[in-house]
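Pasting the structures here.
In the two assemblies presented below, chain A is common to both, partnered first by chain B and then by chain C.
Now for the complex of A and B:
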């Protein structure tokens, strides 16, 4: 029906094929039932016809050398019971009509046995079933008596049509039942496949264990192939992860050497132009390492955002952790971090690693853009949504930049002199959106600076 | 202070050792986990700086054993990775803090200080000059029973003077101590911090003296 346009479906094919088989069987069943039933009816008519003809033949007698016949009433009445069919008879004595319809044809027979012979012929525009019974009568001489009894087949047709109706009904019911059963059977047969698909679909992004779900033998090659694929994928991922770690190690360690040496030389250097050159070198090292870190973080956020590993998290813990982690850095610039948390414990459903990363990025940004001797306020504002707010007293932002600041590699137009990759806010926004939240950038109400807020749905 | 540096890269180890020496710290270097285990068994260190990828194993393995032995020596991990889950794993294993290579030396120092403060500090963190007691760990000065809290930059500045009382330090030297390479500040910025320090020292016998054209030094008040 719709098989042509939809993608091929095993279930549909199974159902259609089973339904076709059911239809074929229904037709065969219908035909067989009709044939058997009609044969049975025909046999009944034949038996009555034979009985009738026999009783007429038995009623032929000789009276003083004259052959007479008295048609017994029962001989014809027994035929009348079948239906309104007309009955014809013809008694022939030695080839001459004794009584009855002269034009009623005698069924062709070979030989002259006593057994009744049947034939279906056309008589007076109707199909009739005729029987002939032969007798020899021993009177003055041997007479040959033939009794032909015929009956139209209207009743038979009526019965046949009733049988057809019944057979059709039974066939249709059989077909419907078989189709329903085949749908069910197809569903049932394909259930392990759905279970397997569901088991694979439900997996976390880093779940690369082989599939161990119980599967029927027919699916064993598929599961084997899938597991082989998973193993190869795991090997490839492990290899690339190892490669990244190894690459990071190999690049960052010499960078650290360069930076440390440069710092030492800088300490001993007196000439301002040499010092400036060294400072530039150190900044370049910082920028490259920072970009590498942010790129890795961003890749990790993208990977995890597809399938979050959520748990219940206290957003206050997220802020406390980030402040603990970054306060030594803030301290270096005499930046004080004020932590303002509500008394009530709040709950956020989310991926702890992603949220930590986002909060750390916001705070890291705030420290980076804050001048020395200022304060950063980290606040958790409860409400319909939880607002994790970080306000600094830095240079703030240019209003026109707000919309594009969270874009990848896009930075504010007033920060060219500060090292940055343009990925920090992208990470924050991606994490917020993955959690059904948002990133808010607003001017600091109490003076210069900006407030960057991670808005999360919470309870 | 005495540090153990566990790092297999000889160049970086040499650079770090040299840089620590500038600040007057003694650094022992171990390039394998086996050397590190041997060193921790024989010497009591104030701090262990641990690299993760080492030729004879994973630094995290060392960390696990170190914690299993109830060794209270703080450990700061030097990691080349920056994936957060790795950082979290490190802290779970008992690292006191971590820092990603390459790092700002001032940041490493700040983290070391924070770890020390959290753990109660090294034994010899108090220094005395002209009746002024300077606790670099707590960031306080006290004289005659009065105690005052220093801010981070004031404390780091005073630390330089306390390392060699009477010695003249140039403005550029002091700036290197106070400002990071990301800060573009003029040499005059140092005057602000010297001024603040002078105010906090005003009630004590110690003071910071300007040596015209050369820099500053800490002297006993006359």
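Now for the complex of A and C:
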């Protein structure tokens, strides 16, 4: 389909070229059929003419020294059986007319002997086919007899026009059939190409497996090149992901050491200004550690999305688990988390680790941007799709930011005072898409803040 | 000597040729134009009902000239006389006119509806089919079986010479074109024709120019039988002529087709075409068939082709017009029929 609409289409070129060949063959076929058939009909007329002239020549006899001819009835009537053509004859004895149409000319042809000679001439305003048969007659002396029989070509013209009609019909049918078949053949020949194009087009944005579809030998170099390209890309991506994981690891471990040390020092400090400085330091270390964690998460999500390990999961469990894990953090800021789950058990097919990660990131975000002493509502809404909603009473999103928010390292324009990596929603979006779902960001209808929803297809 | 004879003949011919002979000419004026001029071999009395009926449909002035078939041929072939329609019982001469390019093509629904054997090249159109029959005197055959075919007729004539001597009539084929046509077709169709002619010659057969005279002679009892009489005439006379019997042979019956053609020189070919259409659909006018006694061409009449043989229009008819062939045939015929 895509190929047919493209400005330069292989299929169109194939069809047009095959149709041209078919047209050429049809014309050749038409001409050949006409020539052969007309030769045959002409030969038939010639044969009948020759038979007629011969039978007249055979009826020449001598009676008491006088040469006479008794034209057989069949000699002329046979010419009338096939068509309604005009018939002329001329019997010549030693150059003098014996009987018949005196002005009917003898066909001027070379050669002698008893073989009939044919010629096409004009006689009495019509084209006639004429034959001459020569005989010698041995009476008291040798006589030379020439019998000319001529017939107009009306019947021949009628047959010829019938042949032309038939040949045209056959040619047209042949052309149409050949064109239809070549269209079909082009379609068929290009099917592997379309299949390959479709297979590549249907791939997810992060599907970097090599193309394994069976391809005809002509496409093998293309597929080989494509697979080589994919392999290089994959290697490059893996390298960079590895780098990130490695970097995050290397950063996180010393940071943990720094944090422990800083807390110990904090306990020993007495001066309030020193304690405040240390608390800021600890917070910064925490944020760095969190960012490193999210980098790790993101790398993991990217890797696992390629090959999901799906299983049946209760989305309620996911929410419960996330709330349990993050309650301590929320408590620190005096944030209450309300869990609103339906009675019925829902089922979602997905990768448990990725989904946990996504839900945790949403809730973590909500806690992070919620002011102290507010409430976060975590809700599971059943329906055609499962909606895992987390609504806070924080500062919400600026409308213009919503669209680009899930992009990597992109952060809202109203959160510059809070430290963040800009990876949280990217992780959520990637997980949602890997599961055929979506990420929804809407303002909180019940007051300030926003609702972030992970939409998943229910099974 | 021979050349002198030829010269004399040519002079005589030229004198004759200066004008063909018209036996009768009738005029049927009507308001419409152009005038339709017909040259025909059919009697004016026979044809008059057709002309009247035609004029009722198409008010066209008509001149109807009657001539013998040979004169019709001369008028059209040698003199190119100005006629719009030629009607003749001489199928061979009509065929020659068409074959030699002296007839116009014409085609219409009516001519398309004609059976294929009733037209040739869309130039000659048959409108009647008239069989050649045997007409017998009923009294003469009181004690004799009716002959069914030519073999039976030969046997009958041989067995009863006392009844038939001098009482057989047939066409003089030297004079009558129609007689010649029937005789040549007979010679082509059956071997027994020459035997029959021999037998008839031995019985002092009398020769006639025309069917009408033969029928009269049979009716008067001068003739016991007449061979190859035009069936349509005999049929027409049957009612008012007691004592005649018509026999159609069961070996074969030659059927003459009365034909019409438009000469190349015609000045009113459209009017002639209308007349051809009218004649070609005569079978739809039983009143005219009854009035003229001319049996119309009927589709499927050739169904019993083994017996009823419409004489085939086409180049075959040219054969017996060949000068040498005609000479040979007439010589054989004369030597057979004139034995005493």
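By our rule, the second predicted complex is superposed on the first by the 249 of 459 C-alpha atoms of A that agree within 3 Å, B and C clash if a C-alpha of one lies under 4 Å from a C-alpha of the other, contacts with A are read in each partner's own complex, and residues count from 1 in each chain.
As a convention for this text, a residue touches a chain if its C-beta (ideal position, glycine included) is under 8 Å from a C-beta of that chain, and two chains touch if they have at least 3 such contacts.
These figures come from a predicted structure and were not determined experimentally.
Asks: Quick check on the superposed pair: does A:252 touch chain B, chain C, both, or neither? Answer first, second, both or neither.
Replies: After superposition on chain A, A:252 lies in contact with chain B alone.
Asks: In the overlay, answer first, second, both or neither for which of chain B and chain C A:86 touches.
Replies: In the superposition, A:86 touches chain C alone.
Asks: Does chain B (first) or chain C (second) touch A:400, or do both, or does neither?
Replies: Touch partners of A:400: none, neither chain B nor chain C.
Asks: Once the structures are superposed on A, label A:124 by its partner contacts, choosing first (chain B), second (chain C), both or neither.
Replies: Once the two structures are laid over each other on A, A:124 reaches chain C alone.
Asks: Could you tell me if A:273 is touching chain B, chain C, both of them or neither one (first, second, both, neither)?
Replies: neither
Asks: With both structures fitted on chain A, tell me whether chain B or chain C touches more of chain A's residues.
Replies: Result: the larger residue contact count on chain A belongs to B.
Asks: Pick one for A:75: touches chain B only (first), chain C only (second), both, or neither.
Replies: Touch partner of A:75: chain C, not chain B.
Asks: Under the touch definition given earlier, write down the residues of chain B that touch chain A in their complex.
Replies: So the residues of chain B in touch with chain A come to 9, 11-12, 15-16, 18-19, 22, 53, 78, 80-85, 88, 100-107, 110-111, 113-114, 151-153, 172-173, 176, 180-184.
Asks: Quick one: in the complex, what on chain A touches chain C?
Replies: The touching residues are 68-77, 79-81, 84, 86-88, 98-100, 124-126, 154.
Asks: In the complex, go through chain A and note every residue touching chain B.
Replies: It comes out as residues 245, 248-249, 251-261, 263-264, 266-267, 270, 275, 279, 282-283, 285-286, 289, 292-293, 296-297, 300, 327-329, 331-334, 353, 356-357, 360, 368, 372, 417-419.
Asks: So in the complex, which bits of chain C are touching chain A?
Replies: By the definition above, chain C touches chain A via 98-101, 120-121, 188, 312, 314-316, 318-320, 322-325, 328.
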